[in-house]
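The chains carry the letters A, B, C and D, assigned in the order they are written, with residues numbered from 1 in each.
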């Protein structure tokens, strides 16, 4: 008993000393002044900030090519500044390759829908051409939950379903970090992804397991920068996109 | 030489076999159907989604108390649905305590500013009452970069400065995960924070080092849930807040 | 079907290319020639290697002091080159402080034992004076398993019990890495310990949770180098030690 | 100033309270009594403990086969209870496959040596048939340091060189944990290895990068349990082995 009392006192003395030492520190000792932070002018209503790479200006597909053959991207340009998947014309990809990015993209389903499950306004955003964030109309449309809108396809179920009404514009705000590999090709740091679906968190720093696959389990293969790919699901999905920009991280 | 040729062939055969096995898997084997994902209706223009806890409705401070004495929160309610720090009335905190959250909060500086450096529209958002995301008018206002707007105060410099013009409304969208502790009080998982400043990433899954401090180095002390605290910096900052909501993660 | 065939072929071509590139590497590209590796002459029969710090030469306690008051270490020196705990004379500690070490130490219980459970030849090796590897006669002696010989006291149960017969010499070969702390005192890397008990693995790179405690849960407090402490359990344990040496890592 | 004083007092009160609470805990609350720990009888002079799998009894190679064709192991059995590599007879492997193990193995170079660098008593211990701990006579024999005795071949330089005189018996005590893989074949936990070379630490919980390779960078491929392989370096190395046992972890 007495022994513990002494110990507590000793401990207090020690703390007292630590506290005193702390008090002798000056606020300036934990200030960092350099380097200065770059200034960016934010856009309004989700429009691109001043440092963004704008991938679709609403009037042409000059930044995109067919993902398979590298020829002209043959999707439909609409009057309202959006583009729509042209059925069976194939996926499109950006000419430019990217690593880690913050991506903003907006998409909508057609108002009059055909099909169900995975065949209802199915498209997808492939980060580095390999890792798909699912685009799908899930309003009243049942499918496997790791394949619904906002999922990392067949890897991570979204926390919630946060779509607007079918036919209205949805937004994805995505923070993506590319995987890191060693010289032999082993993945040393998995890719990560955070997704806000109409401003609501649906993927929360998820560690991607490998390229998203329709069949089988994912496995990383070493790669460098890659394009953004938008999917033509080849079943007349008629999904539209607009206001696509990203910032390299 | 010949030896390697055989090896390559053997390797190919192996791969061929692996490929075949993969082909025998069915797409259904990697589908997950349960549990179903909750449905949330998003708000428009950053307004609260259907599952949010609204912390400020624009007309009263019933969800808040003085952070020091627990008495009535004595800040100013404005006609435009915002509130403003009342100088030297003290910090305010939510009555409710929180763990990991997605937080939306909007703030603005007064148009006519006094002071400079840390004395120019200084306030702060304290996650769990301990971890401060800095609020400050840094437009043409020089200060230490780990103390400017969007910083984790004295721990993490924001990636960019992304404020709107002084006197306009800024938004912070914050994804915060609370720290985890073991029975003895050692931190076993640091808190993390991601901050979008007017939609632009400024904190990128930063691992918080401990409670943010004006003097000295941060050190974790075990704690449970805690309130959201808004700071009265006691130098007539006149910072205003509005549209505050969060979702528990 | 056909499609997959093409894919497989494409994949093979890719692999073929990768294989070719690999073949172009030379064995020399993965050789490291500098710096040269220090040469150490091993001891025989567990005797100290040429680079060891010998903590007990068998004839005096000049490297040790009383752990409490820093006065002369008052344990018993035996004719056979060993020392024995002198009951109630207190723990002894090395004059020198250490960080990460490889430690060899030998201990034995008296042949004629008194007491049971924790009161039977109880002593302990405290790494950096804080983290105890238990010394106890557990031959036919039941106690809590996280407090038996070879345990990290009250933290990690030994994988097996590997003692020799009571009264014979046991050896502990210990690989210990000190914990790392940040400026504020948070532990950033837990201490680790591997223990071979008479050549048999009983602790396998265990991550120590904090200073080992009789009462309560462990909590790290920042510290630098510390002494090796041997315990006088104050219940007439009569444990003997010999052949103590370590190598700094 | 005054303010900080009060804070310190408050902090002390808090600690006092914490201390009191701790004191109310009983020692029994941190005791673990079940399950009981298995008892193992240690061997003397590095001989196998009671729970070991003995891989070489000194008189035959019944536990081994040729690593290439699975036929009889054609190495030389000596009168002194050891075996010696038979030049160009090929590597030998255990019939049994293993995962994580503690391995004891002894080896010696011939007294009269030919060759230099990698051509002087070169052999190797391949954990799971894939990860080589180098065996080589490096006494006064220069080679690349990540290929000398005690190295993880071309991956990890030994901390020191700790061989006995050429022609005498060396011991390796190895703690090895196999790598873990996910369903797709990504490595989720690297293999680790600790090596004591004549009782001296030379590999300290090294995280293996992939199968050890003569040419190129290591890359993991998913695998299950595997045999222990001893190498015939095909250059008349005449390395001998004896007293080989392991314990599965």
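Operating definition for what follows: contacts are C-beta pairs under 8 Å (C-beta built on N, C-alpha and C of every residue); 3 or more make two chains touch, one makes a residue touch a chain.
Every value quoted in this text rests on a predicted model; they were computed, and no experiment measured them.
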item: More contacts between chains, C-D or B-C; value: C-D
item: Far-end chain from subunit A, centres as C-alpha averages; value: C
item: Interface sides of subunit A and subunit B: same vs different residues, half threshold; value: same
item: Mean-CA-position distance for subunit C and subunit A (Å); value: 46
item: Centre distance in Å when subunit C and subunit D are each reduced to the mean of their C-alpha atoms; value: 18
item: Centroid distance [mean C-alpha coordinates] between subunit C and subunit B, Å; value: 43
item: Overlap residues in subunit B, where contacts from two or more other chains coincide; value: 23, 216-217
item: Chain-to-chain touches, reported pairwise for every pair that qualifies; value: A-B, A-D, B-C, C-D
item: Complex interface listing, subunit D residues touching subunit A; value: 4, 8, 11-12, 15-16, 19, 23, 182-187, 209-210, 216-220
item: Residue ranges of subunit C touching subunit D (in the complex, touch as defined); value: 22-23, 25-27, 30-43, 46, 49, 51, 102, 104, 144-148, 154, 157-164, 173, 175, 192, 194, 196-201, 204-205, 213-217, 247, 249
